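The next part holds the structures, each set out as structure tokens.
Shared between the two complexes below is subunit A, which pairs with subunit B and subunit C, respectively.
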Partner chain A sequence: MTTQLQNDFSTMKPNRPWRPTPRKMAEDFLVIAIAAVLSPVIVQFTGLAGISGNVLTFFVLSLVGSIGISYSRQGRKAVGNAVATSLIYSSFALVMLPLASILYTVISRGYQSLRINTFTQDMSLTQPEAAFDQGGALHAILGTLILVAIASAISVPLGILTGLYLTEIKGRAENLIRFLVQAMSGVPSIVAGLFIYSVIIIGSGGHYSGFAGALALSILMLPTVARTAEEVLKLIPNDLREAGVALGATQWRTVVMVVVPAARSGIITAIILGVARVAGETAPLLLTILGNNTTHFNPFDAPMSALPLYTFNLFRTGLNTAISRAWTGALVLMFIVLVLFIFARLGSGKKK
Partner chain B sequence: MPDLSALPETLPERRELTTVPRFSDKVFRGVVTAGGFVALIVLGLIAVFLATRSFDVFRMFKLGFVTGFNWDSGDPDNGITPILGIGSMLIGTLVVSFVGLFFALPIAVGTALYLTYYAPYWLKKPMTILVDLMAAIPSVIYGLWGFFILMPHAIYWAKLINKYLGWFPTFSVPLPIFERSPFIAGLVLSVMIIPIITAVSREVFSQVPLDRIQAAYALGATKWSMIKTVVLPFGSSGIAGGAMLGLGRAMGETVAVYLVLNLYFLPNFHVLFSAGGSVASMIVTKFGEAGSLELKGLMAAGLVLFIVTLVVNYLSNLIVRRASRTGR
Partner chain C sequence: MDILKLKGSGQAQTTSEDKVAKPEISSLASVAADRSESKGDFVPRRPGAGLEAKGVHAWFGKHHVLANVSLNFPSGTVTALIGPSGCGKSTFLRTLNRMHEFIPGAGMAGEVLLDGTDIYKSGTDVTKIRLKVGMVFQKPNPFPSMTIGENVLSGIKLAQLKVSNKDDLLEECLQRAGLWNEVKDRLSAHGGSLSGGQQQRLCIARALAVKPEVLLMDEPCSALDPGSTLRIEETIRQLTESVIVVIVTHNMQQAARVSDFTGFFLSDGGPGQLVEVASTKEIFSRPKDERTEAYVTGRFG
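So, the complex of A and B:
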């Protein structure tokens, strides 16, 4: 008897009552289809127009449809649930819409003037109006690389030290420092630019340089590196620290030879996130490196260019060809930032 | 059994047991502590330098610098005295940021709810990464997109709002010019701060105790009534903190706003009209042709912006920290 029952249970097909039945799915699909067909008709007969009008009518119609269908299925209480569900789904769609639009626009428009010479030539001998197979963004790409390298050289060690202070030393000022790092991450980029301008550029008599720009970027990069480094150092189990000390190591040997190597991939993530944060900054560079059309390697003696600044300045000229070049600059910049970001995410994802 | 009586001639020296750090540790702790105080030093230097460079401006215009609406660098040859005031820009910053927050807050909370409770399991991770990725897109790209792609759509919406809600003072326009309005700048800002608010809200929503959620379901709640009675009350202060964080970010945004906002030195509350203000964008706009006094004025504007964002960030951190400590 019991064995038979067990057999019955084991061969029973699980019917998942929460799953939508084909009938329900058909009804949902019908509502959306009717809304999609009706909305252009309504747009024709009312003052609404364009894509935006169509989207709005479609949204209202499908909302009304889902209210009606949920009322007929489960009564009044289900209506609130249906409305909330539609609103939550559409708010997510509303976030994806601009993201998709931005990615599409940057790629499609940036592609138009993307040539090999974008990476091999600078704008020193080329007017923005020239054909797209002349001139390029080499100076800006190199400038961004140099600026980011210097900014990292300054803020990565300091950021890691700050992270270590918050997790290893835990001194009396721990809470104060944590608060200040948070406050620093909220400093507007233009303020960082103004600060460097008032110290370095005015201090040296109006002498714009790539180094000043890198200093401004390092102010913005430091809190990102410090906060991420603190997060990953916190994840290192205390057992490792205790094991190090129990083996007779001093604290600094424990930190340098056990804790930091254990957190290595997380610290690399912190660096990448910091780089991605500052590679796209425009405002501080406007006040510190000024912009330039020639390829320039020395960061200490003259104005430089960087990809965001190149994009911004070309846009400001207002010429169609220049704006097309600006989109190409934006494409290269976005490619760099997104690749860095995805690397950072993959690195942090593997560990968890 | 070992012979205990046969002790060695010389006993090994007793190991020194001490909690006093070695010399190397003292150096290490000193270096790390010094590194930890960099944030303090940098923030202090920013405040000190901007304050000293803008001291003259504050002495000349006193509080009028913050409350005055006019920005005129003056013309000594024709006897026009300079007058610098960022009141209209401050008001403009608030207007633009609040328009941004108005759109961003409900959408961001909805997205966080979607990612935590509605999205299918396999979709959660990639979609979370995509939303986070929006925070990494450079602001100059947001500005370009806002100018070329969003503006035509936004003008259409602005006209529609003006047509049907124009009787309300904020939505009326003195002239039918809808380009580069605070409304459009606010829309661009809302797209930029949505990932920030979403990230903070998602963090709080994921901490909602599972037993409360299950209790709500056991009492017969629908998904929405569970969210309304359990998740939102639990996460409310986290959402508020995230909103403040987004507000701070929106106030300091420079380039994107510069590209889509028409700066105008009078306070304008007609959000659909092509005139607005933003302290950060004003600094970029005026920087190129600024004389020495005007430059000091820009430093002063930067100092005001610095203080305002510090206060907003401080409040947001306070709220978020309290939220994560008590879970309420």
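So, the complex of A and C:
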């Protein structure tokens, strides 16, 4: 006997029985609320003081509270889980704190001297102590963009090819190269600057240029891109490589058409990390691009400026207006990096 | 170890006395359609056409995993390779299209003749060998960055072949893999959006698009439900018109259903070896070796 399957379930509504009940949520909230109310009281009557005292008391109280409530619900087994959960949330808050603080400080202080002319004028005709509607960071913004573009043009292909050598070719020098890349990622940025200074700048007779700065930055960027690219390429299952080769493709075509597209999003992450590593570098630029107040497009012939260097030089003057301009420089730098990230992320999304 | 070596098509026929003398020992014998009767005097379309392994050995590092396997795969036939895990079936399969050397530390000895020429001869273009001897893997592995249509035609692009009408080829391959009706309206969806069985048929379509002479299948149905398995088996039967199929399988019913010849591999701690090869009907009804008999009746392995 066969019966027709019933297909009309329009009266059914999805249920989520795994969700916490209102009572459970209220209990959890109560623990936090009691801890929040109790901690200032405790701080008042003990030797503890200040924000850190409050935070510490709140942390201990909420930890004890969540241990107690999970013990009453599910016994000893649940206590470990409650402790771990509390620790993870607290660590998260702890990590977010400096990040939020940095963002707040840079935005609130950088905003004061942020004007349209920040993006349209340079400092060639303006003293740092002039009013904020004169002068700007155009030369530094352009410098940063040019430097990062050149450094990326050098390091991204080299870094991805290094990653491909380590994961696809696995040649004789694999371990040596992996070791060198790891050692390179530990090179202090000032050493990269000194290296370019001694080889390129002195070698060319004291000729500072944006290109020399980009070379120094690419030394710092290369290991980051190469290591990240290696890590993401390692995640591509070997099945795909075998499938490509089994279809009669050469290894190179398999890599270009199958492996790299499969790792596309990860490789874009590698590039982002590389750009993030060098966009804010100051030390190597001091020795290579020197700094400049005029807008300058050619990276080969004369000193240039860049946002970190602009910020650094203005801070050093010690004038209030100049320091305010320096904060603006830092704000613009953060904004540029953010925009680059957003573009890269949009580009790495699934193509449709 | 006493290895019984038989050349596939040559020894495939049995006399009627044998049938009377020995009762059928395996219930699968009835499943195995006696295709060998019709294929016994099979004439290859081209003289020398087909695939033949001669004395193939394989190593991983110093570990000798496969010894002295000689097997003939005449055109128009399906050969099943059965045996317990770790007996070298998959390794043998991978020596047939030179995928074996893809594994670091791999080594081999012997000859594999494709249309009379050793594919291991020095100076051979290995990509051309793999173009002629296609492969379907155990786990469905469609390319994640490509759509369904791009996946099917990926071999054309990867091997830089010229095709006059891509749309026709696309439809033909999907038809032959039994997937066309299910995907014809969403060829631009990603391969990963298909079910496991559909993905495997997509991989078969992909392997067929480059028009291989031989198709190697390494347990292609091990992760699939019975319905998908059945469809793939139908596909395999249809493929024999133009392609030699070699299939590794742990599923005895499958070997009985799809294959014309069956080879039984075994390892007793040493390298895996070919114990017996004969028509599928024979392997499942009157195997000559008692170890084959024990295996196909499920008494060990």
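Methods note: the second predicted complex is superposed on the first by the 239 of 352 C-alpha atoms of A that agree within 3 Å, B and C clash if a C-alpha of one lies under 4 Å from a C-alpha of the other, contacts with A are read in each partner's own complex, and residues count from 1 in each chain.
One rule holds for everything that comes next: a residue touches a chain if its C-beta (ideal position, glycine included) is under 8 Å from a C-beta of that chain, and two chains touch if they have at least 3 such contacts.
None of these values were measured; they are calculated from a predicted model.
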item: Touching partner for A:Glu242 - first (subunit B), second (subunit C), both, neither; value: second
item: Which of subunit B and subunit C A:Leu180 touches, first, second, both or neither; value: first
item: Contacts of A:Gly171 with subunit B and subunit C, given as first, second, both or neither; value: first
item: Subunit B versus subunit C as contact partner of A:Thr250, first or second or both or neither; value: both
item: Partner chain(s) touched by A:Val258 [first = subunit B, second = subunit C, both, neither]; value: second
item: Winner by number of subunit A residues touched, once subunit B and subunit C are compared; value: B
item: Footprint overlap on subunit A, where subunit B in one structure and subunit C in the other make contact; value: 250, 253
item: Partner subunit C, residues of subunit A touching it in the complex; value: 170, 237, 239-240, 242-250, 253-254, 257-258, 261-262, 264, 350
item: Complex contacts: residues of subunit A adjacent to subunit B; value: 47-53, 77-78, 80-81, 83-85, 87-92, 94-96, 98-99, 101-102, 105-106, 157-158, 160-162, 164-166, 168-169, 171, 173, 176-177, 179-192, 194-195, 198-199, 202, 219, 222-223, 226, 250-253, 255, 276-277, 279-283, 286-287, 308, 311-312, 315, 326-327, 330, 333-334, 337-338, 341-342, 345, 349
item: Touch list for subunit C against partner subunit A, complex; value: 97, 99, 102, 104, 127-128, 130-131, 134-135, 137, 139, 141, 143-146, 154-155, 157-160, 190, 203, 206-207, 210
item: Residues of subunit B that touch subunit A when the two form their complex; value: 21-22, 24-25, 27-29, 31-40, 42-43, 45-46, 49-50, 53, 106-111, 113-115, 118-119, 125, 127, 129-134, 136-145, 148-150, 153, 156-157, 160, 163, 191, 194, 198, 222-225, 227-228, 245, 248-249, 251-255, 259, 280, 283-284, 287, 298-299, 302, 305-306, 309-310, 312-314, 317
